[in-house]
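Both complexes shown next keep subunit A, but they swap its partner, so subunit B is in the first and subunit C is in the second.
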Partner chain A sequence: MIEYFVLVYSIILSLHQSTIQIMKYIAEIDIMTRAEILDPQGKAVKLGLHNLQMDTIDNVRIGKHVKLEVEADSESSARDTVDAACRQLLANLIMEDYTFELRTA
Partner chain B sequence: MIEYFVLVYSIILSLHQSTIQIMKYIAEIDIMTRAEILDPQGKAVKLGLHNLQMDTIDNVRIGKHVKLEVEADSESSARDTVDAACRQLLANLIMEDYTFELRTA
Partner chain C sequence: MKFGVVVFPGSNCDQDAVDALTLMDQQVVKLWHKDHDLQGCDFIILPGGFSYGDYLRTGAVARFSPIMNEVIAHAKRGGYLMGICNGFQILAEARLVPGVLLRNTSQKYACKNIYLKPQSSDALLTAGLDKPAYKIPIAHGDGRYFVDADTLNELNDNGQVLFRYCDEFGNVGDDSHNPNGSIDHIAGVCNLEKNVFGMMPHPERAADPMLGNTDGRLILEQLLKGALV
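Coming up: the complex of A and B.
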């Protein structure tokens, strides 16, 4: 009798799993130092641009752009994974802010 | 007689200059190594994320994100300035591609 239930349960489970569609998403993440923190690299680039007679450029700030692919069964779980990646590894939350955009691959 | 023309010309010129509206634009520039070029930094970050049990993440690529302000009398001249900045200083055109978005400040 128990075997019967186990069998039915595993069929239902496999059916359920086969209906979960795993999708591939692409995340474009920008990580920038907070506005109140000095950006010497940005300043150096600004001076370089002014030396190239591009004086109309100002307030240059340099950060990281990270592009990655993430597999998930829904956009919200893909968003959670990317958010966790930013919080745990990609961004230094003390000095940096991050924003990201997500699209299907 | 000539003075009269010089006077009229300078009035017209100053009127014309006062009508040219200088606007401030913000450019968000992404600079990434070409897809065919290896990205060891991206690979290292991917392994780091997998160590944090984020195995659904793949193809991590790291680049630069540059944010700057540019003053111009039209969007197209602002776009030209940002394009020149990318070509002449910000991007290494042999190994990198750049894209940017422009919006008024």
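Coming up: the complex of A and C.
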């Protein structure tokens, strides 16, 4: 009798586990200094581009690109983790904004 | 008063801080960033340097060093805490003082003597300073203090601005005396409760008479008044 319950329990458990699939996602994150903050690096690069006669180029701003992998059981859960990473460490929201794209690895 | 100087990987002004405070006959210990014990220190100093190689943003990774849990709890209890240069950047990342420190407008690392005018009349660090200007060295690439307009008004209204860059006579306002393009010529600020101090210039590097300038010692001596409060 006990063996029977253990068998049923293990079947139910394995069925349940098979529905939770851990996936690997890749996040491509862009972090940019906020528009109202002077970006002297972008300004210097714009001068360089103008020296190359590319006078039509304006508003050059330089930011950071972070690529990372994250394991999660759903895309929304992966999105939450990446969002928390951006808010808590990768970007400083006083001076920076961030955007990211997520895809399966 | 017992001082604790936190040592992060990449700190390089920790010994200068220890030396300056030792010259002032204070008890000083170094605190390793991986520890969780402030060893009963009354006053914590986050020194200058390049913690974690300045990776990501200056101070951004050091802010999550293990000892920072205890340092933040110490500050929230009203304990004294001071960040100098990279230490100021760590305080800003930890949101213990308002604002952020951006790349110098010049895009260059600035290493020279500048002049500071004390501002806050009721902060421990500046209330007793009566010279019109103090000559103090700076050494930083990311010292452009920035806050939004509303926060700047609050800082001014609450007397949270500690120092502004000035000329040798104490005149503030000329951009040529501001080495990094900081907003409103700000060189240092404190929190609203006035127990956490952050400044870009290095008073600890101008504390030993052997080095020919002791203006920094005059600033650091203000901290000792904290023991009397």
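Criterion: the second predicted complex is superposed on the first by the 89 of 105 C-alpha atoms of A that agree within 3 Å, B and C clash if a C-alpha of one lies under 4 Å from a C-alpha of the other, contacts with A are read in each partner's own complex, and residues count from 1 in each chain.
Heads up, the rule we're going with is that a contact is a pair of C-beta atoms (placed from the backbone, for glycine too) under 8 Å apart; a residue touches a chain by one contact, two chains touch by 3 or more.
As the structure is a prediction and not an experimental result, all values here were calculated from the model.
When the shared chain is aligned, no partner comes close enough to touch A:L102: not subunit B, not subunit C. Contacts of A:P40 after superposition on the shared chain: subunit C is touched, whereas subunit B is not. In the overlay built on the shared chain, the residue A:K67 is in contact with subunit B alone; subunit C does not reach it. Applying the stated contact rule after C-alpha superposition, one finds that A:L90 touches each of subunit B and subunit C.
Ranked by how many residues of subunit A each touches, subunit B and subunit C are led by B. In the superposition on chain A, A:M32 contacts subunit B only, with no contact to subunit C.
Looking at the shared chain after the overlay, A:N59 reaches subunit B, while subunit C stays out of its contact range. Common to the subunit B-facing and subunit C-facing surfaces of subunit A are residues 64, 89-90.
Residues 28, 30-32, 42, 45-46, 48-49, 52, 54, 56-72, 81, 84-85, 88-90 of subunit B touch subunit A in their complex. Chain contact summary for the complex, subunit C toward subunit A: residues 56-57, 60-61, 64, 93, 99-100, 102-107, 146-148, 181.
The touching residues of subunit A, counted against subunit C in their complex, run 33, 37-38, 40-41, 44, 64, 89-90, 92, 94-95.
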